[in-house]
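Here chain A shows up in two complexes: once beside chain B, once beside chain C.
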Partner chain A sequence: MFRLALKNILFYKGRSITTFALTFISAMLFIVYVSMMDGSHKSMLENTLKIYTGAIEIYHKDYRDIGGNEYLIKDVTSITNKLTQIQGVKAYTARYETYGLLSTKESSAASMIAGIEPEQERVISSLATALREGEFLSNESQNCLYGGAGLIEKLKLQLGDEVAFVGAASDNSFAADIFKVCGIFKTGSFEFDLSSSFVSRNYFDKLMMAQNKASYITIKVDDLENVDAINEQIVAVLNDVELESLTWKTLMKTMVEAMEVDSIFGYISLSLFLVVIFFVIMIYGFINVSTRIKEFGVLRCIGFSNAHIFSLLFYEIFILSSLALLLAAPIAGYICYYYSVHPIVIEGIADMYKDYGIVSDEIPFNFDILTLSWNLALIYLLNFLSILYPYFYINSFKPIEATKHV
Partner chain B sequence: MIQLQNVHKYFFKDEPREVHALNDINLTIEDGEFTLFSGPSGCGKTTLLNAIGALDSIESGKIFFNDKEISSLSEEERTTIRLNEMGFVFQAYNLVPVLSVEENIGFIMKLRGFSDTQIRERVLEVASMLEIENKLSSLPHALSGGQQQRVAVARAVAAKPKVILADEPTANLDSKNSKALMDMMRDLNEKEGVSILFASHDEYILKSVRRVVKLSDGALL
Partner chain C sequence: MFKLILKMAWKNSFARPARTLLLIIMIAVSMSMMLGIEGLYDGMVLNMADKSKRSDSGEISIFAKEYRINRDLKQRIADAKTIQKELQMMEGVRSVVLRVSADGLASTARKSSFAQIRGVNLQEEESFGKFSDFLQEGEINFSKRGAFVGVELAKTLKLKVGSKVIFSTQDSSGEISSMVLKVAAIVQTTNIVLDTSTLFVDIKKVQKFLGLKEREATQIAIRTESEQLYETLKKKYPTLDVKSFFELQPMIEMMEEMMVIFNSITFFIVMSVVFVGIFGVMYVSVLDRIREFGIMLSIGMQYKQIRLQIYLEAMFIGLFGFVSGGIIGLFLLIYLRDYGLDFSAFADALQSWGYETIIYGTIKFSYFSTTFFAIMSASLLSVIIPLRKIKKLNPIEVIKADK
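For the complex of A and B:
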């Protein structure tokens, strides 16, 4: 049967070439599109996580829901010591976040002020690379403020200007100081740049009475794909009901949902494309079968069963699909791999992104063998489904009627 | 043995243009017969051949093939009977265009699961008998009408069916090829012992067969 199918493919060249080409093109487009969609989501996520939010963050259980100094992490060192034991944890840092009032002679603004560990932040976040003016903080920085461009502009400040800070310390006592604007950053995130400022922890902890305390500990992992497994390890190692360890999927729920919605729309448009391809292949198969009704009728008269007909159609589409996918897989795979290493840069958008510094102007593809495999499997499946209607059409004729079909 | 009991077949039943294609046919065909269904166009000879060959259904009556009633079988069961017990020769040859002569002749044997060696031996034997052994590697379109019909006969006989049903096998052949084909089929009938049933109004076939079953308006005369 396989041999007969092969001979049919070679004999009916037009139909074979069309089916081959359609399968090849649809597989190529499908694989490349999915790779680009997954790659952009991955890149979007990595860029966002790079700005400030970590892949995993450890909180006191009620800090995120209730907030306040009562729910600060009280023993940072013991937790960070445990984190060193966990495989997959690339870096971590503790942050002490508070909200206070920043004032100049002319204006005031509420701001999130965080005490950060500048050297660790260089590894974990993009705060350092978001620098636009002045300099980033160091562990030895004293009353230096590293402020978001929007906030600095709102306060009408310039580099070197002084600004007064008033807030509540970790023991709920009154805290006040004069900071000097040492650096201005711009991440591209409007809200973040308008409301955030940073001070070196060594200095800020003394001011806020927050030694060995933190709002949370943020963690960077080796591989985002393994974030759930790493988080499970962290929970197990911490073994503390008062603490909760959350991944970016919870921390950035809105973004995750947005990406899911984007994926759904992406797959809807893809499925429309695949449906068109499916019907085109099926129609070609149907037209081909229609011209062979007499031949199938003769075959059925001399003893060809329904199973034989199905096998013949199956082998024909199997051979054509296999050849098309064998060719499409390495080419599409190479394209995905190449653009995962050398991401596409979109002119114009690149210029806009350069101004922000953090958000990448590149669209990397995602090269993943598993994704490639299911993409190929889906095209295979669609091609196999496309033989069903032609098969039932053949069987709608009695054998003897079919031999007289013109 | 083939037996038909009170077989009726209609076309366009219950329509104004209804045709009573087979009208109360009662017939017995013994093993090894060389028989012609004869009559004018539209008398029902092809319909009768198709009914015996399990290619078409009947309205009423019974058809027995070696004591097995085949008229009430499902399409799949009929296909199995056709594959294992019968051989067919059509007016238009109806060879598989993509297969060589050798593959066409061995096609039914292949479907029936014979080994490649068995198929090869039998194909050579039949091809030699029908004098087409030098055309085995050719494709059907490269053969003359007479050669194609010989291939069709070879295909029908190769798997050693119990009966061969030939519908107007000489209709597309000239008199020389018709005579050659009939001589070969008679040889096959004698040497292989296979029953051969023709539906034809060819005078030469009429002279060649041992039994003639005449039909008129769907009924036996």
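For the complex of A and C:
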């Protein structure tokens, strides 16, 4: 049967070339499109995680939903001591975040001001590497402010300038101080750079009466893929109903959802191409069998069953699809791999879409064997489905009737 | 003679009904899907642009020079009220509103966030962009200390209708001032900046709070259909910063351009594949009847008459495909326009990106006209090669030819 199918493929060249070409094009289009879509989503998530948000964060229950100083973590040291026992935790740090007004004589701006542990932050976030001017904080830094480029520009400040801070301390008392701009950073995240500033915890804790307190503890893990398993261990080790440990999937739920929506639209667009190509492959298959009705009639007369006819059609489409996919898979795979290592750069795209949290002009592709495999499997499936109608069409003829078909 | 050719073409178009039907279904399905996708994507961007104009910039906005760079109250329009009156008298101007905005900090007892206070005149905003359409919860009414909060800011600060919020900022004299507000309504404008950070308050209260005079404003927004107004205003107010909608919202312009490019590429690819499908059917259809054409040539029919018949056959199939696809596509577009696609399950994500949870499509005549030309062209082009095959053969050979 296989040899007969092969002969038919070589004989009906027009149909074979068209099916081969369309299968090749649809596979290439599908694989590259999905790779680009997944790659850009993954990159957005990774960039956001790299900048500031941790893979796992520990909060006092209700801090995120209700907020307020009564929901701060009260005993940071005992929690961080427990974290050292957990495998897969690469680093952790406690942050104390508050919102306040930063003012100069000329202007003022609201800012998130966070007390951070500079040495730990060097490992966990990209705050230190985002330095543009001046210097990053150290554990010994006093009233040094490390501000986002947008915020510093908004306040018309320069390195060494002083800025007044007004806010509320952890005991709800009034807190005010004068900070000196020691460093300016630019992460590329428009909103973050426009609204964030940092002070060393050793100094900030005294000002905010926040010793051994934290808004949350952020954790970097060895492998993001294991984040759920590590989080389960953390929950078990903490064993405290007052605390909640959340992975980035919950922390960045909105972003994850947004990407799902974007993927839905991507697949809607792709489905159009695949449906049209499916129809054309089916039409060519149908034309092909409709010109071979006599041949099928003869085959049935000499003892071929319906199953044999189906096998013949199946082998024909299997050979054509396999050849096309064997060619498409390495080419498309190489394109995906190449652009995952050397992302496409569209100058200005980050600036244009800054409101959407895009921080880089690079659009990397995603090279993933599993994704590539299911993309190929789907094209296979569509091609196999395309022989169903032609098969039923042939079967609608009785053997003798088919042999006399003109 | 033409009548006869027309009749023959009509009958031959459906001589192999299964094949023709399959082709018509292919054209109809691909066309209706394409129309649906075009309408949905265009609808998303148009809706965003429309709401951005209505809630913020209008077709043209005027600022004091440097205001957009520094967002400093020092850079305000001193005689905004006079300019508003002048603009209202101008031809082509539909509506003009004044706004006063300042950045600061919004705080509740438990949460704080960066925010912008925006002084607006509700009556004027209603005629400018039907502000009441943006209402999600509460009542569009600035009662005593009343404020409307953008939907994302409300989420950040965990605000509900009736919640109290304090807004602090530096006033025009450089002093830090605070004002207590009560949330009267939560609004969704689908303008990311407004939804994530804005507190809408009565303009007079904001002017008083910021130490501004009643005639002063930070923005004058204009609704107009006039294409020339932008240039006129640029000349009329050289000391001010006159900006068109796309200058203020380059992202939307880029989105529109990208949508045109995306739709064009999609259109080209789909039509190319459709062409391949029609070509296959027409080619086989001609080859099947090659003896028939030979006989027609032998009995005195001219090649150009056969050519006309085949062109007409291709046109009939294309036309049927177009009409079927057009009807299905139109119903799909009407559904998308009237009911939209409900993405409530992804509400948070869509709102954070400035989209509504139900995404509505739009209908443009150009969708149908361009598709019509594309399908008819694909149909007619698809028979060129089969016709060349007939042209090369002489009648005797054709009659003798074995299928």
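Rule of thumb we're sticking to: the second predicted complex is superposed on the first by the 383 of 406 C-alpha atoms of A that agree within 3 Å, B and C clash if a C-alpha of one lies under 4 Å from a C-alpha of the other, contacts with A are read in each partner's own complex, and residues count from 1 in each chain.
In this section, a residue touches a chain if its C-beta (ideal position, glycine included) is under 8 Å from a C-beta of that chain, and two chains touch if they have at least 3 such contacts.
The shown structure was predicted, so the numbers you read here are calculated from the model rather than taken from an experiment.
S.K.: What is the contact status of A:Ser215 with respect to chain B (first) and chain C (second): first, second, both, or neither?
M.R.: After superposition on chain A, A:Ser215 lies in contact with neither partner.
S.K.: Could you look at A:Glu257 and tell me whether it touches chain B, chain C, both or neither (first, second, both, neither)?
M.R.: second
S.K.: For A:Ser197, using the defined touch cut-off, is the partner it touches chain B, chain C, both, or neither? Pick first, second, both or neither.
M.R.: neither
S.K.: Once chain A of both complexes is superposed, is A:Gly303 in touch with chain B (first), chain C (second), both, or neither?
M.R.: A:Gly303: touches chain B, not chain C.
S.K.: Would you check which partner chain A:Glu295 touches, where first means chain B only, second means chain C only, and both and neither mean what they say?
M.R.: A:Glu295 sits against chain B, while chain C stays out of touch.
S.K.: Tell me which partner A:Gly68 touches in the superposition: chain B (first), chain C (second), both or neither.
M.R.: The second partner, chain C, only.
S.K.: For A:Ser103, select first, second, both or neither according to whether it touches chain B, chain C, the two together, or no partner.
M.R.: Second partner only, chain C.
S.K.: Now for A:Asn383: first (chain B), second (chain C), both, or neither, which partner does it touch?
M.R.: neither
S.K.: In the superposed arrangement, does chain B or chain C reach more residues of chain A?
M.R.: C
S.K.: Indicate the residue numbers of chain A shared between its chain B interface and its chain C interface, in ascending order.
M.R.: In chain A, no position sits in both the chain B and chain C interfaces.
S.K.: Can you list the residues on chain C that touch chain A in the complex?
M.R.: 16, 18-19, 22-23, 25-26, 29-30, 33-34, 37, 40-41, 70-72, 103-115, 158, 168-170, 174, 176, 192-193, 250-251, 254, 262, 266, 269-270, 273-274, 276-277, 280-281, 283-284, 288, 343, 346, 348-350, 352-354
S.K.: Could you please specify the touching residues of chain A with respect to chain B in the complex?
M.R.: Touching chain B: residues 4, 7-8, 10-11, 294-295, 298-306, 308, 398-400, 403 of chain A.
S.K.: Going by the contact rule set out above, which residues of chain B touch chain A in the complex?
M.R.: Chain B residues touching chain A: 50, 53, 55-56, 75-76, 79-80, 82-84, 87-88, 90, 94, 96-99, 107-108, 111-112, 155-156.
S.K.: Of all residues in chain A, which touch chain C in the complex?
M.R.: Per the stated touch rule, the residues are 14, 18, 22, 65-68, 98-101, 103, 105-112, 154, 156, 166, 195, 253-261, 265, 268-269, 271-273, 275-277, 279-280, 282-284, 286-287, 290-291, 352-353, 355-356, 389, 393.
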